[in-house]
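First the structure, which I've put down as structure tokens, then a few questions once you've had a look.
First chain written, first letter: the chains are A, B, C, D, E and F, and each begins at residue 1.
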Amino acid sequence: MADVWLSSLLTSSPQEGFELAIKLARMGVKYTQPSAEVRDRLRPQYGEDAAALIASSQVVAINFQTIAAANGYWRDVR
Amino acid sequence: MADVWLSSLLTSSPQEGFELAIKLARMGVKYTQPSAEVRDRLRPQYGEDAAALIASSQVVAINFQTIAAANGYWRDVR
Amino acid sequence: MADVWLSSLLTSSPQEGFELAIKLARMGVKYTQPSAEVRDRLRPQYGEDAAALIASSQVVAINFQTIAAANGYWRDVR
Amino acid sequence: MADVWLSSLLTSSPQEGFELAIKLARMGVKYTQPSAEVRDRLRPQYGEDAAALIASSQVVAINFQTIAAANGYWRDVR
Amino acid sequence: MADVWLSSLLTSSPQEGFELAIKLARMGVKYTQPSAEVRDRLRPQYGEDAAALIASSQVVAINFQTIAAANGYWRDVR
Amino acid sequence: MADVWLSSLLTSSPQEGFELAIKLARMGVKYTQPSAEVRDRLRPQYGEDAAALIASSQVVAINFQTIAAANGYWRDVR
């Protein structure tokens, strides 16, 4: 991928970190299925499938572990 | 998401940490399926599906790892 | 949940830690499906399903990672 | 469970640690399905199911992470 | 495998680290199914299957944890 | 298992570490299904199943986390 889409794991808050985790989860899909047209076609399908939604949340949780560790768990943020 | 829903990973007890882990698991679903109406429709379905309930508990467990580490495992709490 | 069911991750032995991991796995299910009646109905079903039993053991393993880390892996216990 | 089956995570070699990880994976199943008769009935079924075997290996891998960390990765063992 | 395909986990940016995580995920498949012909045949199939895409993203996430830790989370990179 | 098959987690390169992770994933299967005849029978089946291949890659990824940590991520190797 030629574009720069991830230059740092540091975020200013846990919520931004969580949102970055979501981005990583989506990019993991995008690298495997580069076609936006195909991904758009699949979206309504898994968006109504509880198992797929829970699985998505799991990928986010794993990425959030990485990002939270990178940020020292935002312990000094208020 | 414009709302601030996660300003810190620190909680005053392990149980509060566990409940925050549940919140993160749900938010992971919500970012993927923003429609409350669809999520409400799916709930009774996966609530009666053992595999989905176990998968949900797994997402909570992963998020709880993150939160517990953030809180130094609440070793000094009594 | 109003009850206090998790006041510490510290246990006096690895086995107690493992049993606490099982409790966390069950609580992860309970928060998603609060009805004891529904959970009781599902139990015989997944108790005879190898995939569900292995998945349950996986959730326990993830929670045990957290608890073991919290307890410094009980290195000083004999 | 009244029996003491896990008094330490320390083992004298990585291989013994891996075997302990297998024991933990089995105990995770046993706590959920205490009936030996049912577990024996399920065994031939999942023993011939590639997905179940891979899932079992995954639970072992997660438990092995915990045990390896507990043992300082056996870096000083030869 | 005779070829050297992995000589270091260090990368110059998080994005390169993520791309290395994707490579590891693919190599994990390749070691199990060495036939390029079979893998090519399977690709269109899982590329249109939401569950498989999410599962792929999960493997990437796990490998990214390893690579991010190896790189000290690229905290000093700008 | 009487044979010594795992005497150390240390390897001289990340690639050897990845290959050891594959071995651990296979041994996790072997301890659950000791029959080589059954495992050989299952191989062509899951080797053509994208979900099983992705799941295998995931087990490798988890074992690789352990081995990479054991080796200090091979930061000093060139």
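Please note the rule applied: contacts are C-beta pairs under 8 Å (C-beta built on N, C-alpha and C of every residue); 3 or more make two chains touch, one makes a residue touch a chain.
Here the structure is a predicted model, which means the values were calculated and not measured.
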Tell me, which chains sit next to both subunit C and subunit E?
-> none
Rotating subunit D onto its identical copy subunit E by a Cα superposition takes an angle, to the nearest 5 degrees, of 120
Where subunit B and subunit C touch, do the two copies share over half of their residue numbers, giving same, or under half, giving different?
-> different
Can you name the chain that lies farthest from subunit B, using the mean of each chain's Cα atoms as its centre?
-> F
In whole angstrom, how far does the Cα centroid of subunit D sit from the Cα centroid of subunit F?
-> 16
Distance from subunit F to subunit C - Cα centre to Cα centre, in angstrom | 27
Residues of subunit D whose C-beta touches two or more other chains = 46, 51, 55-56, 58, 62, 65, 69
Is the way these chains touch best called a line, a ring, a star, complete, or other?
-> ring
Starting at subunit E, then subunit F, how do the chains run round the ring?
-> E, F, D, C, B, A
Hey, which residues of subunit E end up touching subunit A in the complex?
-> 13-15, 18-19, 22, 46-48, 50-51, 53-58, 60-62, 64-65, 68-69, 73-75, 77-78
Seen from subunit E, its contact residues with subunit F in the complex are 1, 4-10, 24-29, 31-33, 38, 42, 45-46, 49, 51-52, 55-56, 58-59, 62-63, 65-66, 69-70
